[in-house]
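Take this structure first; my questions come after.
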Amino acid sequence: MALFSRRFGLVAALTAAFAAPAFAQAPAAAPVRGGALTIGVESDFEGFDPVRAGVYSNSTVTAASLFYETLMRLDDKGNLLPALALSMTPNEDGSVWTAKIRPNVKWHDGTPFTAQAVADHFNRLLDPANRFAGRAYLAIEKVEAPDDLTAVFKMRGPNAALPRTLAQPTVTTLIISVKAAQEKGADYNRNPVGTGPFVFKEWRAADRLVAERNPNYWDKDKPYLDRVTVRPLPDSDARYASLVKGDVQVIWEDRAENIVKAKKDKNLHVLTWVGSGALVIPLNTQREPLNDKRVRQAVSMALNRKANAAVLTQGLRPVHDDPYGPSSGIECKDNGALKYDPEAARKLVADYGKPVKLTMTVTATPRGREGAQVFQADMKKAGIDVEIKPVDQTQLVKEALTRDFQVTGWRIIDLADVDPQMFANFHSKSPINFSGYNNAEVDRLLLVGRTSLDENKRKAAYCDMIKILNDDAVWLWSGSNIDFAITRANVRGIPALRGGAVQVESAWFAK
Amino acid sequence: MSGAPLLSVREARVGFFTARGPLRAVDGVSFDLQKGQTLGIVGESGSGKSVLVRSLIGLVSESSGAEVGGQVLFEGRDLRALPAREFRGVLGRDIGVVFQDPMTSLNPVMKIGRQIGEGLRLNRGLDAKAAAVRAVELLTEVGIPEAERRAGQYPHELSGGMRQRVAIAIAIACAPKLLIADEPTTALDVTVQRQILDLLQREQRERGMAMILITHDLGVAAGRADDIMVMYAGRAVEMAKTRELFRSPRMPYTEALLRSLPRLTDPTHTRLSAIPGRPPDLARRSGGCAFAPRCSYRTTRCDEEQPVQTWEGARGYACFHPRGVNA
Amino acid sequence: MPWIFRQLVRLVVVLFCVTLLTYMIVNILPGDVAIVILGNLATPEDIAGLRKDLGLDRPMLVRYFDWLGSALSGDLGRSYRNGEPVVQAILDRLPVSLQLMVMAQVIALGIAIPVALLSVRRPGGIFDRISASAAFGFLAMPNFMLGIVLIYLFSVTFDLLPATGFTPMSEGLWDNFVSMILPSMTLGLIEWTVLMRVLRSDLLTTLKEDFILLARAKGLPPWRVLLQHALRPSSFTLITILGLNIGGLIGGAVIVEQIFALPGVGRLLLGGIFNRDLILVQGTVAFIAVGFVVINFLVDMLYAVLDPRVRHVRFRS
Amino acid sequence: MSASAAKSTVVAATRPRRRWHWALALPLGWLLLVVFLAITADWIGLPDPSAQELILRRKPPSAEYLLGTDNLGRDMLSRIIYGARTSLIVGICAPFLGFLVGGAIGMSAGYFRGKIDLLAVGFIDILLAFPSLVLALTFTAYLGQSLFNVTLALGILSIPAAARVSRANTLAWANRDFVLAARTIGASNWRIITREILPNLLPPMFAFWLVAISVIIVAEGALSFLGLGIPAPQPSWGGMIADGREALDVAPHTALIPAAVMFATVLSLNFVGDMVRNMVDPRRSAL
């Protein structure tokens, strides 16, 4: 990671890139001011206090990034841009990062935005008393504010990825006004205060969230839109119909059928973002019969991942043999993936000696049902019986956390750096390693990935690790993390859909 | 008995399609009714008497799935040929109907006054107020005390006899020329039966209405009808002046009916004779006289051939073996 | 008065039983709100701590009576999940559900009554047969299918109505009305079939009554006989069913609310259950139960209005 | 009594005989066909209803796939027939269960009146006021999704309706002269209920049951849509419609064929239900 090392002049790179417009299409035309945009998302919002909401769905991130901002930002090519911070510089070993805070930024309630606010935000999340679950992913020890414009991030150890991590809008990185949160108490969750391009106007639960242009936004040209409405439209077909009808101008979408249709529709435009992470099928390595490597390998070889995905997603969501994704910058020459080979799988099952029966726990959704049935059909060909157990999301999480499952469906979310997810999912000491995987070599390689300052060493470690994981057939990579949004053809300036969020700070309507 | 009859019925027929097959409920009945006269139609249950009169006034019609034939002339106009609207005008203005059971023939959810006034407003063009006033008058006329209060009540708040009085008030409201009383006393207590019949007769006389009185009880018809028509299995089997019929019935069926009537002149322990057997199933009719299976004068001819109506002046009968005639 | 008293007793008993039952049932569901809030990253210690904070570690019945106590004083608490006051959450959603329910019933009745009246004019006739078949067609049509068909038809193809979403009355009565047409149609187009069948059957029974013959003998035109004499005495089963439908729709229009993205009580309840937001589920269920009892109370009153004979008869079928 | 006799004959008038038989033959024939196929599905050489051929997904009807293929390339004909099995099991058993319980409740309420009636009405009130969603979700989440649990959940939901029907009919019959007569000669309650009332109760319950079947078949579809129905890959008509709905524009047959089959079945059930009612209900025999 070139950005890390001081030799590459992080600060210089950032200042040079200042105010570079983020664009998805038609970069030549000049943005036009005005207009009201409505975004259709999949689900209602958990709320906008990270401590209370716990997690942000991508729908919530879409809404939250209207009025909250991150310290850093990434352009579509992955270059770091300044946002609330003008720059971030590490110390010698990367264990302390200093952020220069942008001056003259005001909260929506009119109070000045300071380094102390940044410190308060992160320290609040880190405080065990607040039980913010996402703190497991944060490698930050604490944040201090020696003066109004300087925030100092003390890390738990050397950390290469902090600026990039902080640049992706998530429940942790979108900075809220802790002062307002303390004043409003439980109501803050529904009445957020941020520094972002739009000011929160109203949220009618399950119906719409309305935000209006922030006239005092620090970036004087932006935003271009006067008003943004985010509407949860849970039914995928109705959501698409609303877009075709023109009731909404942008929708988040994951159904291949609709995306393929939209690509043919000249009134619509499809935005695609290939993130890191992957759709995965974790196997519980602590449970019979999956505690036997032969059985796991048989499952891995019996599943025709690539062909299935090619058909079901109509080629939109190709399958890779690792969870890294193109944006992570990690490319492995040899990932040790087991090839699709039902015959070999059958032999392994025979070798195992006992009949193999598995239960696959999936969410009770059309997508969950579809994936499970395909899995079931493939396994049948290798002589493995699969029973499908549809449950609701809450129960799925519970079963995963308590390792009370055999096979399930999961997702490694799109993060700017692979370390947090890989560490959490595969380190033997991680509380959320719900496959129960325990491999000393993998543990060692995970630590290298987390702490090494040498970018090449990190990449090598992750590639070595994936070989072990693939051979051990712990998790099966069933699809890449690709997010889609469909817009009306005249909507311009929506940046990469990082984390599946639609950000509209620089969006505008072409005439 | 002069001039054109008020009502003239020729070859009236009513047929139904049932789950068990088609049946003839009324089969070629003809009669005339003069102004101010009373015709009694007598027969057992299912003999077709109700269906006959209901078909005359269009309450049984093609649109309710029946097959209706024959001609009905009312004041010289062919009712069946009239357009629906005009027909309804005749029905509401010139013909009044009283049904058997006042419990069911009054609308349970409508106030009495309104039920009486309804016809007046529709057929006599009265406004709501005038109709209400007239309704109270009518209630008084049919002998209901506290008429004003009663007009504001619902049928279930009245006794059976009172309800039938209300029904009569409805029937005579528009001063009809013909009153049809379909077994008006069958559902009533014996004690009020007579009062109701007397009321009907009084109204009929005072207003000069013609009346068709349907009953299964020859005794009811005896003192009140000018003529009597006896029906059996959908056919008019005998028709005569009341007096003549009682004196010398032609049809064995009429004879049997008469025998089943108690007479004051009989000795106290005389056994009333019942007619053996049961009325025929109209859907399973074969040729021949319908009464034949129950008839004590039956011959093979009766089983094979349908007797046609024979006329002796004003009286007619349909029988191969008429009583009191030397045939 | 004793009647009113009995209704109140009924309300209290139903409320108590329904909420207690709900409480127990939702409590035995796997997973709880702590897991929902903390998500897939939670440590067992965090979950235990949060459960303690939320009071979820106390015995079930103790919590229930706690809830009951504050509910009786009008406080239904705050949603565990997002801190929204439960009363507020319900009151926000209620107008949507009520409007949906009323409009759906109006549409259903608007189709059912004329169709029933027209088909009893000639039972077994062409119209009767066609309308009966059409009714079964709609009855066999799942609402999730009908909803999307209507959207494609009326919004996408003909561009007449908005596809999804709800406009509150405060933003314009017309816009509000238009935004509710398709969802109400989805419910109404299926529901009319039942209403029509019931009304048709009762009308046929009524039309056999002598008072109908008498009305015809008065010379009343057929439509007046139907409307003035037959309809009212034939509407009791209809009203019973209507009452049940309305009761069921307060919280049961989930699928329609989901397809058309309406913020109704049904989705609130569904979300509450999925999130194991016990306190929200409790409050919503209590509200629905009250609504049900109140609507049935109104139906009883309506009987008395429609039929002078049955002022005291409560339970009809 | 001539008036009432006329009454029934008047309305008995429908169409000529031939049509009556037509109306009976078609729906009965269809129902028999569906039931026959559902029972013999395993022996009539159908392809495996869960055998996938992903490449051939959502293909329109052809010689090889008579009704086309679904979203996972499975044979629609086979799934429709196996789906009939699921849908009929749920559709027949759920209301049956409701009728056993609801019928008993309604009968005791209508027969004994008084406190028992009050209890029964209260119980029905509670069941009606209880949101069915909570119940369905509980069953599927706590007990797991299975044919049995879905049937059980829908069965419980059909209790109130069954109780109402049986209560109303019991009320009507319990006052009849023959029941009073049985009481006066000292027959036990049990005997009166089982010998005098129950036989009269069965016909209207049966007619109602036929209608309930179609309602339940559709209701199972709604559960499938919410993800709470019969677990995959077992097909059910409602579930097939829910799956097919997603491709209404590109492959309409995946939703329309099961919808059409469901329509035909619902239509037939209702026709037969009407006929049963006509045959057994003296009050409505005239219909």
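Structure notes:
For reference, chains read A, B, C and D in written order, and residue numbers begin at 1 within each chain.
Here is the rule we use: a residue touches a chain if its C-beta (ideal position, glycine included) is under 8 Å from a C-beta of that chain, and two chains touch if they have at least 3 such contacts.
All values derive from a computational prediction rather than experimental measurement.
Comparing the CA-atom centres of all chains against that of chain C, the greatest distance is found for B. When every chain is represented by the mean of its C-alpha atoms, the one lying closest to the mean of all protein C-alpha atoms is C.
Here B-C and A-C are compared, and the pair linked by more C-beta contacts is A-C. Rounded to whole angstrom, the centroid-to-centroid distance between chain B and chain C, based on C-alpha atoms, equals 52 Å. Each chain gets a centre from the mean of its Cα atoms; for chain A and chain B, those two points are 89 Å apart. Work out the mean CA point of chain B and of chain D, and you get 47 Å between them.
Computed from the mean C-alpha positions, the centre of chain A lies at a distance of 39 Å from the centre of chain C. For chain A, the set of residues that touch two or more other chains comprises 237, 391-392, 395.
Looking at chain D, one finds that residues 3, 10-11, 14-15, 137, 141, 226, 242, 245, 248-249 touch two or more other chains. The residues of chain B that reach two or more other chains are 54, 65, 99-101, listed in rising order.
Residues 54, 57-59, 63, 65, 85, 88-93, 95-97, 99-101, 104-110, 118-119, 122-123, 154, 156, 167, 170 of chain B are the ones that touch chain C when the two sit in their complex.
Per the touch definition, chain C reaches chain B in the complex via residues 121-124, 209-211, 213-221, 228-229, 232-233, 306-309.
Against chain C, in their complex, chain D makes its touches with residues 3, 7, 10-11, 14-15, 121-122, 125-126, 128-135, 137-138, 141-142, 164-165, 167-168, 214-215, 218, 221-222, 225-226, 238, 241-242, 245, 248-249, 255, 259, 262-263, 265-267, 270, 283-284, 286-287.
Listed in rising order, the residues of chain C touching chain A in the complex are 29-31, 35-44, 46, 49-50, 78, 81-84, 89, 92-93, 147-148, 151-152, 155-156, 159, 162-166, 168, 258-264, 267-268, 271, 274-276. Interface of chain A with chain C (complex): residues 40, 44, 46-47, 49, 52-55, 131, 133-134, 136-137, 186-187, 189-190, 204-208, 231-235, 237-239, 241-242, 244-245, 247, 391-395, 397-401, 424, 431-432.
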